[in-house]
Amino acid sequence: MLLTQLREEVLEANLELVRGGLVLYTFGNASGVDREQGLVVIKPSGVDYDKLKPEHMVVTDLEGNIIEGNLRPSSDLNTHTLLYREFGEIGAVVHTHSEFATSFAQAGLPIPAFGTTHADYFHGPVPVTAPLSDEAIEGQYVRETGAAIVARFRGGEDCAAIDPLAVPACLVHGHAPFVWGKTPHEAAHNAVVLEAVARMAYRTLSLEANTQEVSHTLLDRHYFRKHGAKATYGQSRKEHNL
Amino acid sequence: MLLTQLREEVLEANLELVRGGLVLYTFGNASGVDREQGLVVIKPSGVDYDKLKPEHMVVTDLEGNIIEGNLRPSSDLNTHTLLYREFGEIGAVVHTHSEFATSFAQAGLPIPAFGTTHADYFHGPVPVTAPLSDEAIEGQYVRETGAAIVARFRGGEDCAAIDPLAVPACLVHGHAPFVWGKTPHEAAHNAVVLEAVARMAYRTLSLEANTQEVSHTLLDRHYFRKHGAKATYGQSRKEHNL
Amino acid sequence: MLLTQLREEVLEANLELVRGGLVLYTFGNASGVDREQGLVVIKPSGVDYDKLKPEHMVVTDLEGNIIEGNLRPSSDLNTHTLLYREFGEIGAVVHTHSEFATSFAQAGLPIPAFGTTHADYFHGPVPVTAPLSDEAIEGQYVRETGAAIVARFRGGEDCAAIDPLAVPACLVHGHAPFVWGKTPHEAAHNAVVLEAVARMAYRTLSLEANTQEVSHTLLDRHYFRKHGAKATYGQSRKEHNL
Amino acid sequence: MLLTQLREEVLEANLELVRGGLVLYTFGNASGVDREQGLVVIKPSGVDYDKLKPEHMVVTDLEGNIIEGNLRPSSDLNTHTLLYREFGEIGAVVHTHSEFATSFAQAGLPIPAFGTTHADYFHGPVPVTAPLSDEAIEGQYVRETGAAIVARFRGGEDCAAIDPLAVPACLVHGHAPFVWGKTPHEAAHNAVVLEAVARMAYRTLSLEANTQEVSHTLLDRHYFRKHGAKATYGQSRKEHNL
């Protein structure tokens, strides 16, 4: 069986979505990529989480062709593979319909960076894509969903480009969030924190609709506290293994 | 004992409402119909869920006459039987007072189709009935509740007709949702998803009161992804039995 | 030991508040009255719920004098005893700071009767008292809290009288709900439903601030479905003991 | 090992934050101070709560120099130590990103004293600091966070001074709450109640944006019911040990 370790990690990331309260029934999916072999491991479609085992994971290439597995892959496969092809540094993708992040997506609004919880994980607002055109919806819809995410991060006339490692999440307009990270563990962790951040942004806007986002100085201070060479949060790898 | 299999399915659907967090105390009820025999199996009234057994289910005919059972049937029986008589293709009915769907019903508002979660299950907004007249309330009130649902789906001068299989739920004005499906399992599942969809519609409206509903193109794309001959979600029946 | 049966019932009602999610730490209290003996059984003050035993309950007379018990009674005792003296038909009183009912009390707003869930338990809006005067707060504050409830139910120039059996709950302005019933079980049950009804009224007002209350016809239909000689909900006492 | 008893108390306070639902992943931290020895015991940074043991706690002096321990202390250490130096009567500090208190902090709003639940614990609104300047953020940021809290309690031209024992919590603008008490147990307890109070204040403002705070008379009555020589709530120490 291919990629036994990555299968375990992808399974565990899927289960973390359940533990984090992001999942109803079989909604949601997580995948991971092996960059050397150019292979993706993804959850099968519509299978109960409590029955999932590593051998149920589906292995595809970066174009979504099935390489190993008897089950259908997640119906969102082609969004995952497009993100892997376009965002060369990410190692895992997670998709959920978690309540508050999805509500921002449905309202067509980004999640503003209102505080340090947000800044610890997302170096700026979590953006929302443009609505998909009818042509995109009627065409390669799942692939087009990924293309809308990539277009938003590439930026353009209306909006600045965003570094997908600095802001590892995007809301798809009228749909729900896609979240990523360097590993399946990190992507799932980011998805759980995204939902917490979305809850607090929702409450903040209810309390004061004109709340200003935090300053760039604060964004930098918090983001680089947990990321990069000068990070001061947590233990070194060895100490973390208590 | 009649209909032993359907009794099990109806019991299980009632318990799924509890697991889905839709139920307080003895609120809520689920039923199923055997179309060949013209018999309905329904939860008894006001019995604790954790004591329910298949033999407690009450069997009635399609007019609500008790055929088998020592307990009183759910006080909403006559709504269920009317729906079975009028919506010839449905196989099960569920009624809950779940918090967010009930709040839309109390506000007299339909649940708009704001995203793909909604579109996966409901091919358009979940409608709300007209308020019942004093005559209806003082008359055959429970039956009239069903009649108000049927009237809304039949349509008329003010509103278009709706296919009860394409939108398997209705909010009763000032009351709560009724939800249906082809099987008790599907009806209960739809009721759980309806509550999730109602939660997200509520949050969406709080964030942006003027949010537009998703396009008909998106409704079609998502609905037919999970329903009909061209469905691509999940596993074939055989593969689903892991 | 006096009143062993009532002690058990009062303890069980206190624990039902915990199970219903109405209680944080040692907040909340329930009591019951033995009308023949003129004695009240009430929870002790500030004791952890998971340590409570029947022998910890405090027995007082209707004036709040301790008859049996080594622990201090709930600090709200004098509200309970006043309600027993003034509302001659009630058998139990419950007090909680449950989140949504308390929020209506803090906003100084009654809980409107927006739907059938409400109407099944409360035959009209759940009222809120007038704010207590500085004199009342600085005087016999706990007793005055009860007096404000009684004043609201007696009615006057500004507001109609309310039957405490038809609407078994009141919000104390800037404080929280007091709820009652014929038995400790019923009072605790009413408190749990009150919180559910308050949640839905809050959501309903958020969706549509101008929502109208249900008609008197609907209030009557639902209230008398569960109460009085013509009740049709649930099983007769014998059938209920499955 | 130094301070074995205080280590246990600090660990227990950290775990109480988890039980109270205030914590996601490794967010949050609690500390305690030994005033005689001038030593602080604090949670290590970024360690899973379910692995925490007393020996993992880090001991520092009041300037934040590590005296005992192999793990990095919480990244918020310098806020804790500043509060211990400036607020001479407090014995423990807790920091969380609990959802509703953090949302008030993000909105830059104090938590108003809307009811008796609040008044039982906080003798007036829970204040919010001024936003930190860019210089403070780029400088000794963690220490400056504590300085902003102290500045708010010292008062000045714009705002009255506050007694840190009478209002044992402060919201840091754009960040989250810091809460304290005489003991680690009390500080954690106060943090859990703060979140409950914040939830109810949020609901109250949603229901009625112009809600007035409770009177000073009511604040006094409730606060001194639980605090000070004339407290009447709960049992004496001996009776509490049931």
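Lettered A, B, C and D in written order, each chain numbered from 1.
Criterion: a residue touches a chain if its C-beta (ideal position, glycine included) is under 8 Å from a C-beta of that chain, and two chains touch if they have at least 3 such contacts.
Labels paired with UniProt names: A, B, C, D = L-ribulose-5-phosphate 4-epimerase.
What you see is a predicted model; the values in this text were computed from it and never measured.
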Farthest chain from subunit C by C-alpha centroid distance is chain A
Pick same or different for copies subunit A and subunit D, depending on whether their interface residues overlap by over half. different
Chain-centre distance (mean CA atoms) for subunit C and subunit D, in whole Å, is 33
In whole angstrom, what separates the CA-based centres of subunit B and subunit D? 47
Within subunit D, the set of residues that touch 2 or more other chains is 206
Looking only at which chains touch which, which shape fits best: line, ring, star, complete or other? ring
Return all touching chain pairs. A-B, A-D, B-C, C-D
Touching residues (chain side subunit A, partner subunit D) in the complex: 114-117, 189, 192-193, 196, 199-201, 203-204, 206-208, 211, 214-215, 217-218, 221, 225, 232-235, 239-240, 242
List of subunit B residues in touch with subunit C within their complex: 24-27, 44-48, 51, 53, 56, 70-72, 75, 97, 99-100, 102-109, 132, 134, 137-138, 141, 174-176, 202, 205-206
